[in-house]
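I'd like to ask some things about the structure below.
The letters A, B, C and D name the chains in turn, as written, and every chain counts its residues from 1.
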Amino acid sequence: MTEYERSLSERVRDFVDTEVIPAEDVLDQGDTRRLTALRDQAREAGLWALPLPLEHGGGGLPLAEYFRLAEHEGRSDHGPAVLGSASLLNARMLASHAHAAHRDEWLSALVAGELSVSYAMTEPGVAGSDPQAMRTQAVPGDTGWRLSGRKWFTTGAAQADLVLVMARTGEGHSLLAVPAGGFEVVRELDVLGAGGQHEIVFSDVHVPDTHLIGTEGKGLALAGERLALGRTLRALRWVGQAQRAIEMLARRATGRRLGDGVLSDRQLVQRLLFEAELQVRGARLLTADAGDLVAAGERAAVPVSLAKVAAARALETAVDGAIQVYGAEGLTAATGLPRLLRTARAARILDGADELHIESAARRLFRSYQE
Amino acid sequence: MTEYERSLSERVRDFVDTEVIPAEDVLDQGDTRRLTALRDQAREAGLWALPLPLEHGGGGLPLAEYFRLAEHEGRSDHGPAVLGSASLLNARMLASHAHAAHRDEWLSALVAGELSVSYAMTEPGVAGSDPQAMRTQAVPGDTGWRLSGRKWFTTGAAQADLVLVMARTGEGHSLLAVPAGGFEVVRELDVLGAGGQHEIVFSDVHVPDTHLIGTEGKGLALAGERLALGRTLRALRWVGQAQRAIEMLARRATGRRLGDGVLSDRQLVQRLLFEAELQVRGARLLTADAGDLVAAGERAAVPVSLAKVAAARALETAVDGAIQVYGAEGLTAATGLPRLLRTARAARILDGADELHIESAARRLFRSYQE
Amino acid sequence: MTEYERSLSERVRDFVDTEVIPAEDVLDQGDTRRLTALRDQAREAGLWALPLPLEHGGGGLPLAEYFRLAEHEGRSDHGPAVLGSASLLNARMLASHAHAAHRDEWLSALVAGELSVSYAMTEPGVAGSDPQAMRTQAVPGDTGWRLSGRKWFTTGAAQADLVLVMARTGEGHSLLAVPAGGFEVVRELDVLGAGGQHEIVFSDVHVPDTHLIGTEGKGLALAGERLALGRTLRALRWVGQAQRAIEMLARRATGRRLGDGVLSDRQLVQRLLFEAELQVRGARLLTADAGDLVAAGERAAVPVSLAKVAAARALETAVDGAIQVYGAEGLTAATGLPRLLRTARAARILDGADELHIESAARRLFRSYQE
Amino acid sequence: MTEYERSLSERVRDFVDTEVIPAEDVLDQGDTRRLTALRDQAREAGLWALPLPLEHGGGGLPLAEYFRLAEHEGRSDHGPAVLGSASLLNARMLASHAHAAHRDEWLSALVAGELSVSYAMTEPGVAGSDPQAMRTQAVPGDTGWRLSGRKWFTTGAAQADLVLVMARTGEGHSLLAVPAGGFEVVRELDVLGAGGQHEIVFSDVHVPDTHLIGTEGKGLALAGERLALGRTLRALRWVGQAQRAIEMLARRATGRRLGDGVLSDRQLVQRLLFEAELQVRGARLLTADAGDLVAAGERAAVPVSLAKVAAARALETAVDGAIQVYGAEGLTAATGLPRLLRTARAARILDGADELHIESAARRLFRSYQE
């Protein structure tokens, strides 16, 4: 890391620790005013949209450099949204695949934080790992398609200006952009007590030709393309939150008196720290490795799967250990630990359940060992 | 088990599955009208207060027999409250140790569900395992004590008619009964998203002599007495919820199509079921063993610690497996799994964190092996 | 347990601890003189062949009663051979299925310890779980069969007077008894450093009609029949060895000074004991449960699989913990721990690898939950 | 890695795979003729003593570069001995601390493979982690010391020309060099079936002044100095053997037919590979990290402890998985897996039991988090 990178990392970390984390409660409740204020602060601090393209108003940080600070940004689940990098996946997809008629407009608004885009893939009643069973469908209409279907776990759909929807089109799948008004939010899901993910319905809505993202029938390839980067980013954030949990564990254990000593003198508490540290450092290195390949555009499916699983487990171990050290108090919202626990539990399912990664990575590994 | 016991068990199980579980959402929100209605149903079904003393209106079931159906009753965290057995610990304590001036009145009201009693032990800022550090104190006053202090994780304090409070008195600790009005509920704790536990404050409140439970200075012995039974009951309920999670896992896995087959054909799903079943059956047997000793009034500290830890782990494994099989949907409140997950996570801390049980049980075991 | 059963259990345990365990080194080396002497001692102590049929000279103990002392007998892998119960599986099979021309002669000699019988099932290069791939074959000959093939992991074949061989016969499989002379021992396998298992070859050997065990073509059913009992017996012995390892762990930990205290004061050592005790007690209860069903002749596949896996894991955990507590010395043969470790590691493969039990038990469980 | 480093790594790996591994059986039996022949081959291949000092005949490879190939060299436990780098720890210690009267002679002979040096630290009956309890003692004599005591787990003592012995001298500890003849080998230890480690006795042997290594009374500091490098080297070798086990697992799983498919199609087998790969890659990265610090002479206690524990666990997981995939055959010596299993089990104790690393690393980590 260069001196500049190190300093940027530290500034991101400080900003998240001092500005974002104390605001997590209100941000959880969807307080957009506070979010807007924090984004303004981030802009002033020169930390806005760092990995987004320069030409559309972003910081222009190359992926490989951004990865080095993504862990810090991700110490809070709200970090990326506050710092304007939560749109990275959508921005890259639109930059490469949106129709020229909309690309620049959408991108500029997206980077500026003025356009909110959601990604709608999963459907109720259909295994996420089985795209052939998808039911949302777009049939050809006048100058475009007629789209009908139902999606859920659509993050931020209630506030979205644009939803990118995967739908069956003929033999294949295509990705279509549907502006607000074209879908109905039928309910907000309660995901381990948190909101922000919705079930939405498309009822024979018209989608113009220029709202096709990429090539007709090649939607699944597009989805695959964003997976590697998406998983890497999430793994980095989980490592950041795991590190945060370790620091909480350590602070509590060294500060809490028990009999003549402190909690951190107890071997079973030492073991909680050791196991968490071991997993978090391992996950950090595995994630950095995967990130290098992703940034270089190389094949990274196995390293990304390993990093994803390692980071999710490390987060679970670290948070679990911190809660044990806090005792019953660790179960209360006031400590912030339940929020980390929620992310940790979801991590073993989001971005592909562990079981899927085990099978797909092992198949690739077996093949590579055969060669 | 006799035929009658088996039939009673089944009736309890059916009642919980068909009446209590569907009402969990509203009961979680503290809907007392629904609770009252369900209690009436339980009375009509002859399932009310089964283990409570006959002479005060309970079912008079001996502990050993009650243990055989406690697993079923505990399939829902609300089961014991609805079926009137949640007061068992307090009833036994009052029956043995309350002053004659109040005993019968309190007991009859308690068994009838008309007196709500809370137990206040834990204090903010003090390790639960370190009673010497307790700060709540009662000093002698006119015909009784003046009590001051702060307690938290006091279950149901907001609705309590009577709180049993552990306080320092002179060299020892004493347990004192304080009626509503004698304490202030300063906040409800948010425990993994659930309410029902409170922080309460006693400000120089007068406690008459007849409100001493047991002997002055011997309060910790009283607390220890209820621990073995309390832990056994909770372990039984955790086994019940773990069994419920396994059934959910199995139902989903056998009902969910994936490609040509169903989820239950997949070895990694089979493994989730196998590991859960292995742990739940082991925990059930260990808990039954501990229960036999507790019911017989024999020394049971080690078996209870082992049963407690085994049941908490089994619950965690079963719920975790069920969520993996449900996928992202398993994280949503609609499935009921997050509620079980909350109980599972708390189980590793409540009734003594695992770490405490490991140390105390191992010390006893080492001694017994030395003999 | 009756008083008599308890006393018999204790006598078995004492005999194994004081006579068999000290002789393990020489017995491992195949010292038949010592084995014979110990068997004579067992006969004198009234502990010979307890579960074998009375009418052929055994103790006539019903299975359910024998199971209660099998754990003690199995504290040493040599226990069953010294106490004359190692032949139980073969004796039951011959009693039910051997031809009348040989049955009584074989059984009497077997129970007396004068006939050594081996069981030859597994073949090199063929998955044990795939009997259709078996290559050993018997074709009809004059008054019997001509048998050719190769088997390995045949325990005690070098000393065997009779080998029971599974072979393909026409469409099915049949079990045939081949006396010494009818097979060649081509090598002794080195199984984690231990001998006693052999690879043997049958080269067009004549097998008379009366040497067919059971019905032609129904050999696999016979094999299945002995599996449940065989697995239960092994699980009981593993629990016995696990208990022995725990006692070693405790003795060392309480006897070894470290700084001001002893090893058993250390929480990480306490944890080793606790985890071992938890698993061993759970496995003991699960194995007893499975044993009750097996003794009653009821369906027991799932309970046996669970007990088998639990006992193997408990043994591994207990031995592993004992070695950690002994430190480097625990790796040396003088402590006896490496012998237990060898049994522990093999246990996860013998009687069906864990993976097979997971799949087969889960399939049955899923079916039973569907009903 | 430069092209040269990569090519050197590959040559080391090829040499170990094609020359050393096939000779493991005879090398295990202490066949010095074969060892000598293989060493000659290594010299001819330009792979002899790569990390040893140039001026004494070694390859002069800096530590940081040597670390990159140590994993390959360590794919066999015999690799370092055959390739002449097993003496690295002793060579560095003698180079820095041996008396000028002997230094060059000893070093040249050591690097040439003509001087065999053992290191004697551990004593029977004394916890390795408790140097204050050490009993071997050297008292001042004419022009030197008189040394008496007993050591065990002294690797290669039977063939040693020189033993470096830690002994109490006055208030502190000192390291003394004792040539063959000055100690008696009283027995060879049987360590999980392997020999090569001895118990040796010093009976009032004279040790001249010039045989003091380093400063009198500062022996423990010397021992500490070699620990970090020693542990890093071993961790690298364990990663090498773990990688070898994974390759065996993959070869067997993809080559073994089962029913219609191959073993590698089974999810439970895929899981064995995935978990092993995840741990091995993590351990490799953690070990490289620790190695960088050690090579740079920086403080590395925590990273080394984490790397040591991670590598030992990864080895255990990979070997365990390979054995499960091989089935019963995996327990036989012919596959080579039991040898890897032996190393794996010992790894959790050698170089400090896991429990010691957990405590010492956690203490340091807690301190660093407090700052």
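Miscellaneous remarks
Rule of thumb we're sticking to: contacts are C-beta pairs under 8 Å (C-beta built on N, C-alpha and C of every residue); 3 or more make two chains touch, one makes a residue touch a chain.
What you are looking at is a predicted structure, and each value in this text was computed from that prediction instead of being measured.
Within the contact network of the assembly, the step distance from subunit A to subunit D comes to 1. Of the two interfaces, C-D and B-D, the higher number of touching C-beta pairs belongs to C-D. With centres taken as mean Cα positions, subunit D sits 53 Å from subunit B.
Mean C-alpha positions place subunit C and subunit D at a centre distance of 38 Å. Contact with two or more other chains is made by residues 266-269, 271, 355, 358-359 of subunit A.
On the side of subunit C, the complex with subunit B involves touching residues 246-247, 250-251, 253-254, 264, 267, 269-271, 273-274, 277-278, 281-283, 285-286, 289, 306, 309-310, 355, 357-359, 361-363, 365-366, 369-370.
Touching subunit A in their complex are the following residues of subunit C: 266-268, 271. Looking at the complex, you find that subunit D touches subunit C at residues 122, 124, 127-130, 133, 153, 189-193, 256-259, 263, 266, 268-269, 323-324, 327-334, 338, 341, 345-346, 348-350, 353-355, 358-359.
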